[in-house]
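Letters A, B and C mark the chains in the order given here, with residues in each chain numbered from 1 onward.
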Amino acid sequence: MTNLLIALAPEAFLVITALVVLGIGVSAPKARGAITAATLLGGLVAAAALLLHPVDGNFLHGMVVLNPLARLFKLVLLGLGLVSVVFAAESFPKLHFAEALALLLFSMVGMMLLAGTEDLLMIFLALELTSLPLYILAAFAKESRASAEAGLKYFLIGSVAAAFLLYGLSLIYGVAGSTNLRVIAKLSGDPDPLLIAGIALTLLGFAFKIAVVPFQLWAPDVYEGAPTAAAALIASGSKVAGVFILTKILTLGLGHWTGTAGWGQFAPGWAPVLALMAAASVVLGNVAALVQSNVKRLLAYSAIAHGGYLLIGLCAADAPSLTAVLFYVIIYALTTAGAFGVVVIVEKQRGGSHLEDFEGLGKSSPVLALCLLVFLISLAGIPPLAGFFGKFYLFTSALANGRHLWLVILAVAMNAVSLYYYLIVLKHALVLPAPKETVPTAAPASKFLVVLLALAVLALGLAPNALIGPLSNGQTVKNIIINTLQK
Amino acid sequence: MILTATFLSAFLGAGLILLLPERRASLAKWIALLAVLAGLGGAKFAFLSFDHSPAAPDYQFLTWLPWIPQLGISFFTGADGISVVLLLLTGIIAVTGVLFSWNVTHRPRAFFAFYLIIIGGVYGVFQSFDLFLLFVFYEIVIIPKYFLIAAWGSTNREYGAMKLTMYSVAGSALVLLALIATYAVSGAQTFDLFVLSRGGFSSGFQAWAFPVMFIGFAVLAGLWPLHTWAPTGHVAAPTAVSMLLAGVVMKLGSYSALRVAMTLFPEGLGQWRTSFAILATAGIVLGALVALAQKDLKFTVGYSSIAHMGFVLLGLMTLNRAGMGGAVLQMFSHGIIGGLLFAVVGRMIYDRTHTRDIADLGKMDLLKALPFATLTFTIASVASMGLPGFSGFIAELTILKGSWIAFPWLLVPAGVGIVITVAFTLRALQRAFYPSGEPMPQSFDPITFPEKLGAVLLMAVTVCLGVFPSMLLNPILRSFQAPLMHHLVQEVTTK
Amino acid sequence: MNTNYLFLTIFLAVAIIFPLIPLAIAWAWARLFSPPKPGHEKLASYECGIDSTGPAQVQFQSHYYLYALVFLVFDVETIFLMPFAAAFLKLEFSAFLTLMVFLLLLVEGLVWAWAKGILAWK
């Protein structure tokens, strides 16, 4: 019992912090500094609990499972959440500020629980705990119609997806007789039609979470309409959590029905489905981003495309590919969080996030412009940044047995196309002169974090071993995620 | 270690420049000059201390450090004869480029920082023996090109910059694809060029991997018909960037095609060489023809670059010592000459007259107004035409000799290309610089000392090379005896 | 495997037909046996025999939904309390603590709602 408490200590501390923050918010709603400080303090205590007293083990029949990989992801999610908190502190509307931070904290709790579980029920609960606060946060800017639209769309589409997911998970439970992924993994033989239906519905539910075709329609509107700090967490945190848990479900629980997605070698399973979703997302995301004029919407379409790249790695379903997927999703989250951070600051200075609002950034805030350059070029996959190595690793592992050549060709081609729209944003930021003089509004903490993230992206590009090492050593991906593989 | 100093000095210089406060922005060019001089020093040292004795190893200055063991990627650099020649070229062009950019006052820190990043990337490509490392350096060059052209360029700069960058990225995408496929197929779990080139690639694989990789690299070298980015981009670019682009960056494409594509896939090369030789010759002839029709002096020079690079690619496809040695020599020679031509047109002429229209320039009597510029352009034109005594002559002659052995039927078109080159060069020179009709002499700012220094340096190099070509030819030809390239030249004897 | 598909198909068909049958019967009955014959007193809304005055459409107070929301939370809490109460004697102390934590979380929610003025009628 005490071990379980220690295992869940980080999440518990975050919940307590959220309650404390709500308390402060009710008694002293104007004390934004105190509220933010309390949040950050709580987050740091949770991080300390995660790092200082690591506990490994399997509690409650797989509902809470901790190992080095899970702890790494919890730490990453915690970090991304705290980054969003700082962004929110400097940009969120003043009304109900404490509630906003509390919601961010609850969402972080959900994400962290997702990173440490192997049980279907817990997965669904944690997923809902992640999503519901984000639905509310997306609608938080009460003066903005776009925000209301974003929140409503996110909520409605998300609820439908959650319904699909729940139905799929329950069908899988029905066939397997247990909600534990490792028990489900023991199923074999010809797949029951109910199981097929269950897997399909589960994939659709997660396709929503990761924002890939055909469930990507919410992403542009939500990223554009939601307050940018919330969009930052949606883009980075929920993507990391979603990809991680999808990887776990598919390779740990459903590894027996992988199938193959090679051209001319299709074998039935979930890999071909993922391959088709990946191909569609990569094409749609990159092509649609070409014509965007709002940077947040552009980042949303780029998120769809990146979801596609990640799914390509998942299709391949062997140890190097999965390591590459996990590496890339972390890199992507850091980069996106940083890019949204720049957008937060620009929005504060210029009042909007259209391409025209970025003009003259090189002159008014060269540090910020340089960071934006780093983030967008990393997203485009240009060395020596982390995004390049992530994509390289992903494509190399996916191609390792030569099966997914068609997917890799498509992805490399679309990746080249993507540089165009990133350069358009950078053209506005670095090349075009500012339309009129603007007084820069100070957002020092966000700026500091953005610089830190840019340095991290550069460092991980030059020395990716720092992250690949913990992800790929035998203790983690090989033994923990991959249970049975078809081929 | 000495080789690492070349690109390290460039990147460190870029970092230092970015840290400069705004009021000290004028220091940027001095830091840049120091950085490129350090790079040139390193390159020159490597060139001079390269051991040419027959017993010396083919590949010297080797550095090997593990980088990402999970993928077999290591930081593996070194140089052979071809590398030191091209490193020297980079050093010279880098220094003269900075000299010709001495008057950049609009956002100098960003300008020189991007410039140095390109230089660092180029140095890196010429010395990498790990394919991943080579690709990393190759790609580092792409983004700064965009910003340099879009922010400091002239005619149609945003369009030119985007076109150039997107073509480069498309080429890189092809290279990336072929690279990953090679890694996957070889099963060797490494990106070391020496290991991968030991081969074992099936004919079927090479039949598509070679053209994909070669075209990917050759886009940057101006292979016809994928060359249209070059004139637009070079014209739009500011002077130093045009010098860099035509002088060195295009050579990245041809060098990498030689070092990687041709070395890894000799069978594929055998199947495709005729097609690419035809395309190269088409580039020579058509590039020259289009240059003949240009009214803008910089476009003329831009298309002449295509024609000269066509020679390089033709030489590479001949697969004999004469042709390939000539190709590498032409890379060096055209680097210098192209740099000189762009320097005159951009810095000396355009910055002062604000026009590049040949007819308008002709009215300005540049012979009297800017005699040094006229002299420089005359020498550069003469070298570009391939007159003996200048570097272009030796290079083109050896390529033609190699082509005679391998593709005798292409000799006539290539020769015709040379004739047309003479035609358009003389036409441009005469109509733009020498007075005709009623000259209206104008007075311009005198040519500054940095410009004179840069021009003299480049002219000296081309003359020196024209008179003593063996200085470069020896190390170049030596490389073709080395294990990596040995089989390329042997092809012809088995035919 | 085929029988399972058959099973699903039959299930689907029955699921569609089964609710349609009473609807069809109701429609048929209404048409055949009880055709509508409206009259003033038949259609009037029930107000304990008094004639209704004033418009029927009153502005709906959206504030009701906040009460409904809070009520729903506590209703579900009550539902969770029931099995706990039923098994109370067999559970150990840690289970009691866990449920107390659950209750306290919801109580804090109530305190928050109260302090935010949600429970005051506007």
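Basically, a residue touches a chain if its C-beta (ideal position, glycine included) is under 8 Å from a C-beta of that chain, and two chains touch if they have at least 3 such contacts.
From a predicted model like this one, the values you see are computed outputs, not experimental measurements.
When chain centres are set by their Cα atoms, the one at the greatest distance from chain B is C. With centres taken as mean C-alpha coordinates, the chain found closest to the middle of all protein C-alpha atoms is A. Look at where the CA atoms of chain A average out and do the same for chain B: the two points lie 42 Å apart. Remark: chain A and chain C have CA centroids separated by 36 Å (rounded to whole angstrom).
For the pair chain B and chain C, the distance between mean C-alpha positions equals 76 Å.
Of all residues in chain A, none touches two or more other chains.
Across the interface of their complex, chain A is touched by residues 1, 4-5, 8, 94, 105, 108, 111-112, 115-116 of chain C. For chain A in complex with chain C, the residues that touch the partner chain are 1, 15, 19, 22-23, 26-27, 190, 192-194. Residue ranges of chain A in contact with chain B, taken from their complex: 320, 323, 362, 366, 370, 373, 377, 382-384, 388-389, 392-393, 395-396, 399-402, 405, 408-409, 412-413, 415-416, 419-420, 423, 426-427, 430-431, 464-465, 468, 472. Those residues of chain B lying in contact with chain A across their complex are 18, 67-71, 107, 110, 132, 135-137, 139-140, 142-143, 146-147, 150-151, 158, 162, 165-166, 169-170, 172-173, 176-177, 180-181, 183-185.
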